[in-house]
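These notes open a run of structures that come right after.
Next come two complexes, and both contain chain A; in the first it sits with chain B, in the second with chain C.
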Partner chain A sequence: MTLSPKLRERLTIFFMLLPTFAILVGFYLYPTLYNLELSFTDITLLKLKRGGDFIGLANYWEFLTSDSFFAIAVNTVLWLTGISVVCRLLLGLGFAMLLNSQFLKNIRMTTLARLMLLVPWATPPVVAVIAWRWLFDPTHGPINSWLLATGLIDDPVAFTANLATVWPAIITIIVWNTTPLIGVSLLAALQTIPEELNEAAAIDGANRWQQFRYITLPYLMPTISVLGLMSVIWTFNNFVYVWLTTGAGPGTFTNVLATEVYLKAFVDLRIGYSAAIGVTMAVVMAAFGALYFRFFGLNEMQEKVG
Partner chain B sequence: MARNFGRKLLISCAVLASTSLSALADDIKISFRFNDSERKEMRAALDEFEQQNPGIKVDLQTISWKDSRDQFLREAAVGQGPDVVHIAFVWTQEMAEAEAVTPVEELTKYGAFSNGFNDYIATDLTMYDGKAYGVPWSADTWAMVYRTDVLHSAGIMDKPETWDELKEASRTIKEKTGNTGFAFPAALQVWFPVNYYLWSNGASFITQDGKGGYKVGVSKEQLAGAMDYFKGYVDEGLAPRSILSIDQPHDPALMQALLDGKQAMAMMPTNTYRQLLSAYEKNNPGKTAPFDSGVMMHGTNAPRTHLGGRTLVVNSNTKHPEASWKLLQYLASAPLFEKYYTNQFPAQKTLLSQIEYRHEELGFAEQLANNTRTWGAYAESGVGVGPLWNTVSRAFGTALSGQESSEKSAEKLIAEIERMLAK
Partner chain C sequence: MRVEKNNPIANAIENGGMLLAFILFGVFLLAPAFYVFKGSFENLSVSLVATDSGWTLRNYISIFENGYFVYVINSLVVCITATILACTIALFAAYGLSRFRFRGRSLVFGSIMGGQFFPWIILVNPIFIVFARSGMVNSQVALILCYTAFITPFTIYLLIGYLTTIPKSLDEAAIVDGASRFTVVTQIILPIIWPGMVAAATFGFLQSWSEYLLVLALITDDSLKTIPLGLYQYFGDVQVDWGAVMAGSVVATLPTLLLFLPLQRKLVSGLTQGATK
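For the complex of A and B:
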């Protein structure tokens, strides 16, 4: 029996995709479905061997109607994600523009500046948090020493224990550690913009701002959009920075969804409840991703710019 | 000739290697998970155990205390985990409920206790469904620690005895020396001072209701009063605000302040105090440590702290119960506490009675002997010490940091404990 060329082609595609499909099912789909199943049960770490009982949507209802839900949502969406992503994108764009500027080339600092930008990015988040905690330390930290020496403050500031400073402190650490990736990515995108466009615009009388607004920014928008999406998803789900900096405290002041998942699963031992929070986070991010693509129309933008 | 010699040498080496390998293969390998800081000393102790028990090799594992409970529960649920584990007293019943640990009666067939099981203290905390599931290993509690020279420089010659006197002494020290009087870990481990405060004032987070059940044992006013008491240290500037982010009594910020004489009073567990004393003596050879210990503060009632400690358990998944039991018995023996695990008190009455306390440690001895209680209803009610601890610490954190008023935090905390009890 001979197979038709079309069928042969389809079979080839199928078998070539099979390993990838198997890996995705094994490492992504199965844990996701298992997590979903757990979220409908009352399973705890003490009942792992016996398994939990089905309780329907009770975990979701309890979480979404809990007293702490609103505060946790605001912390996650506004502070952890919103403000930190905007700061990173703006600073990253600034760094990219600076690194691509004639000024740095003139003083022959381009390579050094690019290397310096990479240092925070190369620092593991755990190390970054520990280093910054020391910098913020009220007793021995250099930031407080400097602020005291310059007379800007009279008493040391407990940056990670004071309600007014704790979120800015966390955001500082995140921005320091992750902005270089944005900067380097935008720098790569900047270098693809044909120089002739700016030259032509300058001849036509466009000033620097107009060149940036009507040439540079449209070229960068696809990259900015993708980086924005990635940063939002990555930050929304991030656990390390908040947990290691403040342990979700003082009290519950910096508790975010990811730390709530940890606290419920491994302190209160409620695996089912914690799974429900995890599923809620995944649903929120999936919805955000869909809206984001729709809003930014990434494909169209890519086509426009070429 | 030379070729023959080389061949013989090769064969001899091969025989030797295979003999050694087979000897190694015959060794029973077990693992012991130990989370305290005395890892070097514990390794030396295990080396001694291996010498005494040829054929048993022990792998020493370490994990942070913070993660050790859930890590072991996860491992045990899937048939994994170390053979012998040291856990907190109050986790034993949870571990038994999770079927993660072996009942002691199944292990005693491999050898009886030298002084009987009743020689151990707090055995009630190891009981689940009428069976013991662990062996109490070390006993500890918290007591007050004083830097006497700082107290004297502020003109305080008598140690405070009540919570109010403690705060008053802190005010005096701040005013006269600019140093911190009393400071405490106000994040996760605020749990301890808060409980001591409530217990010494006749309240408790959970108590028996007299009808075979459990109820919240503290009123909103009492709770808000406790929050205000500890908040006062931060608000009045008697302790640095940074304590709000300090989790542990052995946090370097607290320890260093005591070592430098910038803080006069603290509360801490036994092993932390012993570490403090040895750190001072190491930094100041030949000098007498200006530290003293004392019992916890009184409220309207006598001072009370918790009877804590570590329990040794054998994993229910162990393939070597006999070797594990041998190791457990070795770990609970007197020489271990004399030579290797010297920062801890043994949890056996006969060994406890033989301890010769240093003068500076007498406060701890008095506290441990006459002024401790177990967590009791917290564990027995089914709420569990861990979840209650987290809930209480967070609620106090919200009040102490000013995130919410003490009244509101207290009201919410009581509602949350009621919800936990109802579950």
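For the complex of A and C:
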């Protein structure tokens, strides 16, 4: 059997990409569409075999008008995503500036500091949550024994069960686990800034703040916006930190969209309703991504895709 | 070099501030890991109060006596298989995408970029239903397939970065000499991008090693659980077996720390390539 070179090449491309197609269609496209279909039905885990009946937008309506919707939306957007991403970017910038500073070079600590960043970064999220739950533990935890010993508190605080401290506690865990990536990425960007720029600015009389504001920050902006977008998407959809720290509790105090999807599907067994929440999340993220690209105009990223 | 005013007091204050920042930075980063490591060697009996101090291997012995090694083996089997599958699939896909121009190429490329950010929390319901209907709940095959699908997009993305640095003339010369594309990929390209494959494999392994949501949905049989799920067995409704939890955590983290050391620089350049160049 002889094939023309052109056909042969086409077949080669086809077979090389076939498994990838299968994955993209089987594990991404089909489940997404199937999820959309499920969200219009009243299917539950109990009548899985039979399937559900079509109920239109009832699931969406029920979710968007439910009593818990507002709290879940605020928890997800403000606490889980907004505050934690801002904290991570600021702290990551701080780490990067510190690692890039002349001071650390003078005391020969740059390599050690980089290695220290690796520890939280390499820690799997499940373990990160365990580590902090141990630190926060009211009976054995080091933070409580330290606070008690210094007399700052009189009784142990259950950080992950107390309404005033539970969100800061969750955010601390997320920040600890995910800031190193941001810090190291910003460090890489910082190191591309030509030294002459700062020197010239200093000769022209610019102070440190002005150098930071008009040289460093503009240089870092593309990296910051990419990292910001990635962090927002990862965190908005993140399930493990909240689930493993508090199980959406105390009560449903720290319930977020991702934990609500899981609770509705695997605890209440209402797959259809849960699917509608998932679709809502996807729509919000798609809208956010589109707006983000519009405002930040990430040409480099688009070039890579194109 | 900054041009600085030589004011010794201001310098001292600044250096003091930097030192303090550095110490706080170190404490924040290391304290959680340190306390878990320390705790894993302590005698933390559940009934508490002053137990005999001093370090002990009791926690490690007890978790392995109680079947923790089953979780370790499950994790290794699932993650290694998925990583090998994903790397093989990604090698050919990355080669095809970087060497050929064809209709729909940018769509495939876009889907791969999008796949990296795809929220699995949304896919978990449909995937669970599909596997439940085909009787594949509590199946390692289902988990391996999911993890392969989960890590393939980023693997392809990383490998394309490596492949674009290899000149096309290299494989064209081999084609002229009569080699097939398959031979080109396995005999010529693979040895050159081997460092990239190692980085991609490490990353894929780490990703699947710490995955929690899919295994939570798909596996309920204790003998099939992976480490992340196994670790949370020790969290009882009322009490937590902290000694076991911490020994288990150390076991779960050691391989990731060891794999991470050589990988981290590559990862950063892979992740923010577009922005930093």
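The criterion applied here is as follows: the second predicted complex is superposed on the first by the 276 of 306 C-alpha atoms of A that agree within 3 Å, B and C clash if a C-alpha of one lies under 4 Å from a C-alpha of the other, contacts with A are read in each partner's own complex, and residues count from 1 in each chain.
To be clear about the criterion, a residue touches a chain if its C-beta (ideal position, glycine included) is under 8 Å from a C-beta of that chain, and two chains touch if they have at least 3 such contacts.
Remember, it's a predicted structure, so these values are computed and weren't measured experimentally.
Enquirer: Answer with clash or fit: chain B and chain C placed together on chain A by superposition.
Expert: Clash - chain B and chain C, as placed by superposing on chain A, overlap.
Enquirer: Which partner chains sit in contact with A:F266 here, chain B, chain C, both or neither? Use first/second/both/neither.
Expert: A:F266: touches chain B and chain C.
Enquirer: I'd like to know which partner A:T139 touches here: chain B for first, chain C for second, both or neither.
Expert: Both: A:T139 reaches chain B and chain C.
Enquirer: Let me test your reading of the model: by the given contact rule, A:T20 touches which partner, first (chain B), second (chain C), both or neither?
Expert: Second partner only, chain C.
Enquirer: Taking the superposition as given, does A:S101 touch the first partner, chain B, the second, chain C, both, or neither?
Expert: Second partner only.
Enquirer: Once chain A of both complexes is superposed, is A:L46 in touch with chain B (first), chain C (second), both, or neither?
Expert: A:L46 contacts chain B only, not chain C.
Enquirer: Using the superposition on chain A described above, determine whether A:I130 touches chain B (first), chain C (second), both, or neither.
Expert: Touch partner of A:I130: chain C, not chain B.
Enquirer: Looking at chain A, does chain B or chain C touch a larger number of its residues?
Expert: The partner making contact with more of chain A's residues is C.
Enquirer: Just to be sure I read the superposition right, which of the two partners does A:L197 touch: chain B = first, chain C = second, or both, or neither?
Expert: After superposition on chain A, A:L197 lies in contact with neither partner.
Enquirer: By the touch definition at the top of the document, which applies to A:F253: first (chain B), second (chain C), both, or neither?
Expert: Once the two structures are laid over each other on A, A:F253 reaches chain B alone.
Enquirer: What is the contact status of A:V184 with respect to chain B (first) and chain C (second): first, second, both, or neither?
Expert: second
Enquirer: Select, from 61-69, 115-123, 169-177 or 277-285, the region of chain B that bumps into chain C once both structures are placed on the shared chain.
Expert: After superposing on chain A, the clashing stretch of chain B is 61-69.
Enquirer: Touching chain B and also chain C: which chain A residues?
Expert: The answer is residues 48-49, 137, 139, 265-266 of chain A.
Enquirer: Within the complex, which stretch of chain B touches chain A?
Expert: 67, 70, 73-74, 77-78, 94, 97-99, 186-188, 240-245, 247, 253, 256-257, 384, 386-387, 390, 394-404, 409, 412
Enquirer: Which of the residues in chain C come into contact with chain A in the complex?
Expert: The contact residues of chain C facing chain A are 1-3, 14-15, 18-19, 21-22, 25-26, 28-33, 35-36, 39, 44, 48, 89-90, 92-93, 95-97, 100, 102, 106, 108-113, 115, 117-130, 132-133, 145-146, 148-150, 152, 156, 181, 206, 209-210, 212-213, 217, 227-228, 231-232, 240, 242, 245-246, 249, 252-253, 256-257, 259-261, 264, 267-269, 271-277.
Enquirer: Give every residue of chain A touching chain B within the complex, in rising order.
Expert: Touch list, chain A to chain B: 45-49, 67, 137-139, 156, 158, 160-163, 246-253, 263, 265-269.
Enquirer: Chain C touches which residues of chain A in the complex?
Expert: 9-10, 12-13, 15-17, 19-21, 23-24, 26-32, 34-35, 38, 48-49, 94-95, 98, 101-104, 107, 109, 113, 116-128, 130-132, 134-135, 137, 139-140, 142, 176, 180-181, 184-185, 188-189, 192, 195, 198-199, 202-203, 208, 222-223, 225-227, 230, 233-234, 236-240, 244, 258, 261-262, 265-266, 271, 274-275, 278-279, 281-282, 285, 298, 300-301, 303-306
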